[in-house]
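Two complexes follow with chain A in common, the first pairing it with chain B and the second with chain C.
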Partner chain A sequence: MTYQTVGRSKPRVDAPAKVTGKALYPGDITYPDMLHMATLFAGRPHARVLAIDTAAAAAAPGVVAVFTAKDVPVNEYGMQRPDRPVLCGPGSAKAGGDVARFVGDQVALVVAETEAQARAALKLIKVEWEDLPLVLDPEAAMQPGAYQLHPDCPDNVTCSYHIRSGDVEAALTEADVVVEGVYLTPVQEHVYLQPEAGVAYIDAAGRVTVEVAGQWVHEDRKEIAHALDIPVDQVRVIYPAIGGAFGGREDMSVQITLALVAWRLAQRGIRRPVKTIWSRAESIIGHGKRHAMKLWARWGARQDGTLVAAEVKVIADGGAYCYTSNKVLGNTTLTCTGPYYIPNVSVDTYAVYTNHVPGAAFRGFGGPQGHFEAEGQMDKLAEALGIDPVELRLKNVLTDATPLPTGQPIPGGVGLTQTIIAAAQAAGWTQDADGHWHKPADGKWQMANDDTQYPIPNTQCPIKRGLGFACGFKNVGFSFGYQENSHARIELRGGTEIEEATLYIAGADVGQGHHTAMAQIAAETLGAPFERVKVVASDTATMQNAGSASASRLTYMGGNAVRGAAAQALVAWRNEDRPAVGDFKYLAPKTTTIDHETGQGRPNFAYGYVAQAVRVAVDIETGQVRIEQFISADDVGQAVNPQQVVGQIEGGVVQAVGYALLEDFRTDQGKVLTDKLSTYLIPTVLDIPEQLASIIVDVPDPNGPYGARGMGEMPYLPVAPAVAAAVYDAVGVRFDDFPLTAERVWRGLREAAGSAAGPVSE
Partner chain B sequence: MQVEFELLMPKTLSEALTMLAPAAERGLADSSTPVMPIAGGTNVIPDLRDGRLRPAVLMDVSALDVLRGIRRENDLPGGLPGGLPGGRHGGGFIIIGGGTTIATLLTDPLIAQHAAALRQAAAVFANPLVRNRATVAGNLADASPAADTAPPLLVLDAEVELTSRSGTRWAPVEAFMVGVRKTVRRPAELITAIRFPVPPANSASAFHKVGLRKADAISVLSVAVLVECDADGLCHKARIALGSVAPTPIRARAAEDRLQGQVLTPALIEAAARLAAEAARPIDDLRGSAVYRQRVVGVVTRRLLTAVVDQARKVSSQFFGESPTPEEQSHATQSHHTQS
Partner chain C sequence: MNHTIHFTVNGERYNISVPSHHTLLQVLREQLVLTGAKNGCEAGECGACSVLITWPGAKRGEPVNSCLVLAPEADGAEIITIEGLMHDGQLDPLQDAFLAAGATQCGFCTPGVLVNARALLNRNPDPSETEIRETLVGNLCRCTGYIRIIEAIKMAARAGREVAR
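Here is the complex of A and B:
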């Protein structure tokens, strides 16, 4: 479809303020007479706080107040389960609130005239600790007799899912080919540009107000109100510019502590704004990470390539607290059998408490982990069957008619086949007259051996090249029985024509361009020029709940809300209301939980689809892997703003390339070894794929606004398995774990050659 | 973390040396707080923030223009000090001022022509922002085993000029760094220059760093090599230096000796690469294991030697056909310079 505003790369509404430096991120905000807060982190992975002596800190120069667990009215929080103390220590209002369960647990808050004074006073706080046994291995933590980190969760299992469909054992017995694998996926840190920061104060209406970067203002407000034990309407949350999120701001960081401090100070008659900024090291230990997972898989197929059975078991390291482990694991549960129709499925997934930094939301939730196993299995099956990997996928891929292992077809407009064909053709695959797909011959793709960054001579530089393919899918929205909803309000002003449309939406623009996309949908629906739409966003005092910037949901959900509000406003406009107001809450199609024993149900209302091809060069003497070409075809339904869609594809691929090749989060006995950006390395501009082609596929979603479906996470999903497949194609060694750092590849090659102790350079 | 310190900003070298001089020498009572020189600050500032460094007084030398720049001198004032590597260079010295930034190495024609290894190290040094601030002298003064400029300077037989109020001394780079973050610089001394003899035209050098990523990465290992040979591949001089595989950047002397006076065949290069790997004494750390470092040092050494031998032989046959005399070589160097 062709529209006036939707489908056009309109300039971002937030760009002028950001490029001129006018936009303030939370760390940039200052107010007169402002105080500063510093946070004392536990620094111990599992220990009970026996006593805290804050007297010296309270008496230190410039210190205004010191707060501990006893100052928190309801000392618990957690988006999905309130299992984490706001502050760990004695006098906690909740049993178990005196125990720190990971290094980033928080113990005390110091408020002082300057940041330096606040931080200096932290060192004067005397904490008496009793170290407790460490729970570090999720498999061991599930065994009888293991130390229980949360008394209400037997065997340390945070949550689990199970799918039973058909008869897996019988089908695997009858299958012509069965492939197995044990896959390990690593932790990943979000590394958003802007570390956690915020300012809290009591606003003119007497509300405890926090200006902070998050992903969901209304959820932040709810969690603050719960911990402070005050009504939500006495709390206000505002998001200024947000310096990235990627799921890492889904859970609370400084929101509750800042609110607590401003509120307690006001009770003492001190009405001064309080600011805090976490250092990068505090950010890295202080917020959750992508779950490390171990996935066991056994898949079977007939000789003709028809998938008949998949058996998968997953154990995820949930870390110290639940955070969104249930949502993450739900996505792993649905994606660990891939985007394929498989009649016999058995899936068991578990998230397990440990003393690691909590597993949390991160672009794709558990989808990247599920896809690494599922697409790894498909690559192995293709090889075992002698069938081209693209052809094998096309043969089994989900369509509008085929059911998921949860029992029902996915909602209409399934664009998987189109994305697979688009990516494969762009990479050089061809289909013959008999319908068979053929991988491009190596000769079609040769690049120079020299690397501008590393001037290794061409001679004797054994570079092996390979081509890999993978595809994926993921739900849009949280769902699993949660009634997804989003609210928007539009006010139209003018005489005969709309001169200004003010859009109120609480959705967080975390850098993805949400506010621009919403303005485009408003303009399209109103038939008004894009430039006349003014976006007012992310303030709980003036707007209702739009839901989270998460799960690829905001364009879909917020877009439907804006479209509804605009349509309503137009009716009022025609009735000559001035201003003409539209106020609309969009409710997504209903979903259900999945049955705890069988997994049957309708967990989601919409999905997004992706397929990718990647060409790598592997230096077999050093193990270094270079991505020379990357192709990502994404079914986005309808690109509201194509430039922003390409930005999301490129950003998702680059972030996942870091996950696949580079990012290596290390801990030792629960302590984080890589708490700096000099030790936790993410890709630089020189490390990203040399060529990156984004292909937009547009199979409309039946319920999405103007056919749009969510897409922010999908480009991330198949990257790691596609890269692993390409490395296998290049060197003939399978890597079922990653990141594929040079040393890991080098070791794998030597182990495969049986010459780990061989000559220095052969 | 915020740290308080006093900042001195000398306007002349003599003023700087006076500030560095022991308090007693300056007629002051207390000599307990040595002055820490700071140029680009790309090591000092992070060290201050992390609490690894607690100087009470910093002295910013970045305003001393006299320390900046790269020049060539055929006759050093006061003559050549004893103990310099001999040989057939005859082409004078290249002198890198103590305040010269890494970025300058990338644009300087003398470095481009005579010290490819140093230029290549500069190209992969941290990131462009750091390269604009960090100095060669600071990189050496920091004495990290992973200092990127150290292996190239080792193969170039470079020396460090240490200047204090009481005079100047030269220390070979190899002797300058004595341990992890330890040098022979005395508190009263400032690094005022780094110099190395202009390598003969029939030589070539190269550097390669294996990092976990392509920029802004501390090396897992690094190797620099320099070979001087004639058109037949007869090696007159060989230098091999390794980074990040010992407490300091080191020379692989056994590997060098294996090449010296021999015809540089692939088999000989392979043998030298093995000796270089044996010279490495790496440790396991976050960036890589000892065994990986040791093996890949061999790989990189072989590759670099192969490349530089090829280059040096080409230059030899292009200009001389046979081994050059110093006069011929000086001429060749200049004509090459004109061409470039």
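Here is the complex of A and C:
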């Protein structure tokens, strides 16, 4: 469908300030007479604070105040479950609030005239610790007799889901082919470029105000108010420019501690702004990570390729606190059987408390882990059956007519078949007259543009090339019974024509381009030029809840809110109201939780779809894997801003290439070994695919604004399994774990070849 | 201990006292309140703090991680930060290209990338894609996947050659 503004690559409204250095991020904000806060982290993965002596720190030069657990009115927080103390230590009413459960737990806050003074005083705080047994293996932590990490959770299982559909045992017995696998997926660190920072103060209206980078101003406000035990309208949260998020800012970092400090100081008559900036190391130990998971799978199919059964068990390392483990695990539960119709399904998933850095939201919310197993199983089935991997997928893929394992049909407008065909054809797959799909012949692939061809170190080495394919789907929004909603307000000013439309929306622009997309939807609905829409965003004092910038939900929910507000404002405009105001809360179609025993229900109302093909070159002497070509076809329903959609695809793919090949988060006895950007490596420009093609597929979502569906996470989902399939195609060795670092691949190749290949240093 | 240093930043001359152990990045951000250069790691690993520095006696500016330069070392130098990339109120062709190509998302890496790209085009107005990629190896970006950034630099180089013609 063609629109005036939607579907056009309008310039980003936030970009001029960003390319000139004028955009202010939380760490760039300075106020007169500002104080500085530094945080004492536990540094121990599991220990009880027996006593804290802050006298020397309080007396140190420049120090204004030191705060500990006893200063927190309600010493707990957590987006899904308030299981984490704001500050660990004695003196609060929180049961278990004196225990640090991971190295990044926080113990004390020092406020001083300068940052250097605050940090220096941290070293003067004396903490008396009692080390407690470490719980590091989630499988062991679930067993009877394991050390209990939280008072109200006897088996350490944070949450679990189960799906029972059909008769899996019988179907597996009757299946012609059964493939099995045990898959391990790694932790991933977000590495948003902007470390956690913020400024807190009491505003002119007397509200405790925090300027910070997060993903949901209203949730931040709620959590601050809860910990301070004050009404939400006495708290204000404002987001300036946000330096990336990817899920890692979904949970609290400096929000509550900054608010606490400004509020406590004001009670002592000190009304001065307080600023804090975490170092990169503090950021890496201090915020949650993508959950490491172990997935056991047994899938069966008939000789003709029809999937008949899937049995999957998942154990996720939830780390020290719940964070959004229930949301993450819910998505793993739905995605671990892939985007396929399978009549007999048994799924059991568990997230388990340990003393690791908490598992948290990260682009894809458990979907990448589920897909690594599901798509790995499909690749193995394709081989076992002798069926082309694209054909096997097309034969089983979800359509408008097929139910999910949760019993209900998938919501309409399923674009999976279209994305699979688009990606396959772009990679050279062909379909013969009988309808069979054929992988392009080996060796046909050539780099199209020599200028982009990168020399592989030591060109004498034998390079093996391979082609892999994978696809995926994920829900849009939190759902699972949560009533998805979003609010927007529009004011129109002018005489006979709309001269200015002011859009108030609280949604966070974390870099994805949310504010531009919302301005486009407003302009489209109003029939006004894009340039006349002014966006005012992310301040709880002047706007209502738009919901979180996560779960690929904000264009969908916020877009429907903006569309509703704009339509209302137009009615008022025609009634000659000036300003003409539209104020609209979008309520998405209802969902349900899934039944705890059977998993039956309607957990979601919208999904996004993706299919990808990847060509790799593997140096079998060094184990180095390079991605020569990557094709991602994404069903986005309707691209609101095609350039930004492509930006999301490219950014998502490269982030997932890091996950698949490079990013190796290491801990030892709960301590983080990779707390620097020189030890935790993310892709540089030299690590990206030499070619990356984005294909936009547009099967409209029936409920999305102008047909748009969520898309920010989808390009991430199948990358790791597609790369693993390509590596297998290249070297004939299956890797059911990753990252596929040179070392892991090299070892895998040596193991496969046996000890004849030479000594393997251990 | 403090040092008094004389240097030029974005065409303005400064004569200021700086603590010996402070980095150029700290002085730019805290004393001069030029917050365009970002602190992403304070260890020379991310490139977000890149600025152009022309050392005393040198002919051309080179990009440095300002978190790795001690402020007293900048005595006598000429420095260009992201705030100094515009000329006479006009955006640098690179800034225009970043807007047109959609090369900025969260934008935190953008100042460092732009400064580094400016240095590249100053020494080579017609870089190959390989040279562009090699130039950017010290600038981490977590949002864009680098592709739009590479496109934008190519676009700016083309625009620069058009002007030169």
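Annotations
In this text, the second predicted complex is superposed on the first by the 741 of 762 C-alpha atoms of A that agree within 3 Å, B and C clash if a C-alpha of one lies under 4 Å from a C-alpha of the other, contacts with A are read in each partner's own complex, and residues count from 1 in each chain.
FYI, a residue touches a chain if its C-beta (ideal position, glycine included) is under 8 Å from a C-beta of that chain, and two chains touch if they have at least 3 such contacts.
These numbers come from a predicted model, not from an experiment.
Judged by the touch definition given at the top, the superposed model places A:Arg578 against neither chain B nor chain C. In the superposition on chain A, contact of A:Leu686 is made with both chain B and chain C. Legend: residue contacts after superposition of the two complexes on their common chain; A:Pro11 is shown touching chain C, with no touch to chain B.
By the document's definition of touching, of the two partners only chain B reaches A:Glu621; chain C does not. When the two structures are aligned on the shared chain, A:Ser678 is found in touch with chain B and with chain C.
Touched residues of chain A, counted separately for chain B and chain C, are more numerous for C. Shared contact residues of chain A with chain B and chain C: 454, 678, 683-686. Interface residues of chain A facing chain C in the complex, by the touch rule stated above, are 9, 11-12, 14-25, 27-28, 30, 190-195, 241-246, 277, 279-280, 451-452, 454, 510-513, 643-644, 646-647, 650-655, 676-678, 682-686, 688, 692.
Those residues of chain A that touch chain B in the shared complex are 115-116, 119, 453-457, 459-461, 621-622, 624, 662, 664, 666, 673-674, 678-679, 681, 683-687, 741-743, 746-747, 759-761.
Across the interface of their complex, chain A is touched by residues 1-2, 120, 123-124, 127, 206, 208-210, 212-218, 220, 270, 273-274, 277, 286, 288-289, 292, 294-296, 298-300, 302-303, 306-307, 310 of chain B. Of all residues in chain C, those touching chain A in their complex are 29, 33-43, 45-46, 48, 81-83, 85-86, 91, 95, 98-102, 104-111, 114, 128-130, 133-134, 136-150.
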